[in-house]
Amino acid sequence: MPYINIKVTDENVTNKQKQLLIEGVTKILVDVLDKKPETTHIVIDEVPITNWGFNGEQYAQSKKFKNEK
Amino acid sequence: MPYINIKVTDENVTNKQKQLLIEGVTKILVDVLDKKPETTHIVIDEVPITNWGFNGEQYAQSKKFKNEK
Amino acid sequence: MPYINIKVTDENVTNKQKQLLIEGVTKILVDVLDKKPETTHIVIDEVPITNWGFNGEQYAQSKKFKNEK
Amino acid sequence: MPYINIKVTDENVTNKQKQLLIEGVTKILVDVLDKKPETTHIVIDEVPITNWGFNGEQYAQSKKFKNEK
Amino acid sequence: MPYINIKVTDENVTNKQKQLLIEGVTKILVDVLDKKPETTHIVIDEVPITNWGFNGEQYAQSKKFKNEK
Amino acid sequence: MPYINIKVTDENVTNKQKQLLIEGVTKILVDVLDKKPETTHIVIDEVPITNWGFNGEQYAQSKKFKNEK
């Protein structure tokens, strides 16, 4: 009976990446806790970079984000 | 003091359905726990079907979704 | 594919009340959105009254709580 | 290690207001609990007013909302 | 900037299993989305089986739970 | 209509600190977004340090935690 909520910044996550996240996280719940895939639900929330705060500032304004771009 | 978060797949939930969800869930909190409607908050999140994982795959790709369509 | 999280203050919610919440909320999702019970998950979180803030103060300290007791 | 999720109704929150929310809430966590800004994450979710229920009805339909407009 | 919340039923999850969940899920975020481990936070919530609803009833009362025991 | 969920590691947060978190965060919502305190709800979740993952390991096992102790 697991439910997993993944919050990531909305930076062009592809459909393929969503598939891999869902497959991978489900597999871990199955392997580690012996959960069944059909009762394992995963919700991915993509958060605008203006709405994610980190180190006291918007991620959109952070050095980290600017450097990585 | 209840707060209820409803996550559903984003499949054309109508405004009328949202009203019915809010009325119905509020009524249950009032009836079962004697909560007051004015302190009962409900948030409905509509999740894209590409972002909901179930049975190790995207709901958008699942047999269940395809059959029901 | 609904997932519902109910947060209520921890004030002696009985097992019977939990059953009624789960039955009632599931029924609404089934009736309003035609969801299947076997893919409807509900999690009830009971929050200590010292940890719930309302009107700028702990619920444990509020007039509302004290009057209702 | 704090994570803070702020849910507000989607009513034209400006970028400046998001900055102030993030700065302000981070500062409180630092001041009160001695947390480090670089491990303090904040996510702001803007919820459509049709999806927020309050007093048994959609916030979009409530007297409160209509009066304030 | 990922934050992952894992909700599982409280059925004697061991400390070792928690470590494996955290390692495994972090690795997936790193591998799939190129996230950094030091900005990846994971919170595991263990939910009492009386508080998890599934198929319209408490998980504690379900056939599934009883059969698996 | 704000709802704020604060997740912090469970490291002896005092009742006074909870009061200050609630007062402070409510004030920010009032000041920045002109929200009313009586519709601002805050829930503080204290997460066991074995259940918080960071940098791919349990916070309970991290250098950061050990050094700070």
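Letters A, B, C, D, E and F name the chains as they come in the text, with residue numbers starting at 1 for each one.
Criterion: contacts are C-beta pairs under 8 Å (C-beta built on N, C-alpha and C of every residue); 3 or more make two chains touch, one makes a residue touch a chain.
Since the structure is predicted, the reported quantities are computational estimates derived from the model, not experimental observations.
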> What's the overlap between the neighbours of chain A and those of chain D?
Replying inline: B, E
> Given the pairs A-E, D-F or A-D, which one repeats the contacts seen at B-D for over half of the pairs?
Replying inline: A-D
>> Are the interface residues of chain A and chain B largely the same numbers on each copy, more than half shared, or largely different?
In response: different
>> Can you report the angle of the rotation that maps chain E onto chain F, using C-alpha atoms only, to the nearest 5 degrees?
In response: 120
> Among the chains, which has its CA centre at the largest distance from chain A's?
Replying inline: C
>> Quick check: how many Å separate the C-alpha centres of chain D and chain E?
In response: 26
> In angstrom, rounded to a whole number, how far apart do the mean CA points of chain B and chain C lie?
Replying inline: 14
>> Quick check on chain C: which residues sit in contact with 2+ other chains?
In response: 1, 3-4, 7, 21, 25, 41, 43, 45, 47, 52, 54
> Which of line, ring, star, complete and other names the graph you get from chains that touch?
Replying inline: other
> Can you name the residues of chain C that touch chain F in the complex?
Replying inline: 7, 45, 47, 50-58, 61
> Hey, which residues of chain C end up touching chain B in the complex?
Replying inline: 1-9, 13, 17, 20-21, 24-25, 28-29, 31-33, 35, 39, 47, 52, 54, 59
>> With touch defined as at the start, can you tell me which chain C residues reach chain E in the complex?
In response: 4, 15, 18-19, 21-23, 25-27, 37-38, 40-46
>> With touch defined as at the start, can you tell me which chain B residues reach chain F in the complex?
In response: 1, 3, 41, 43
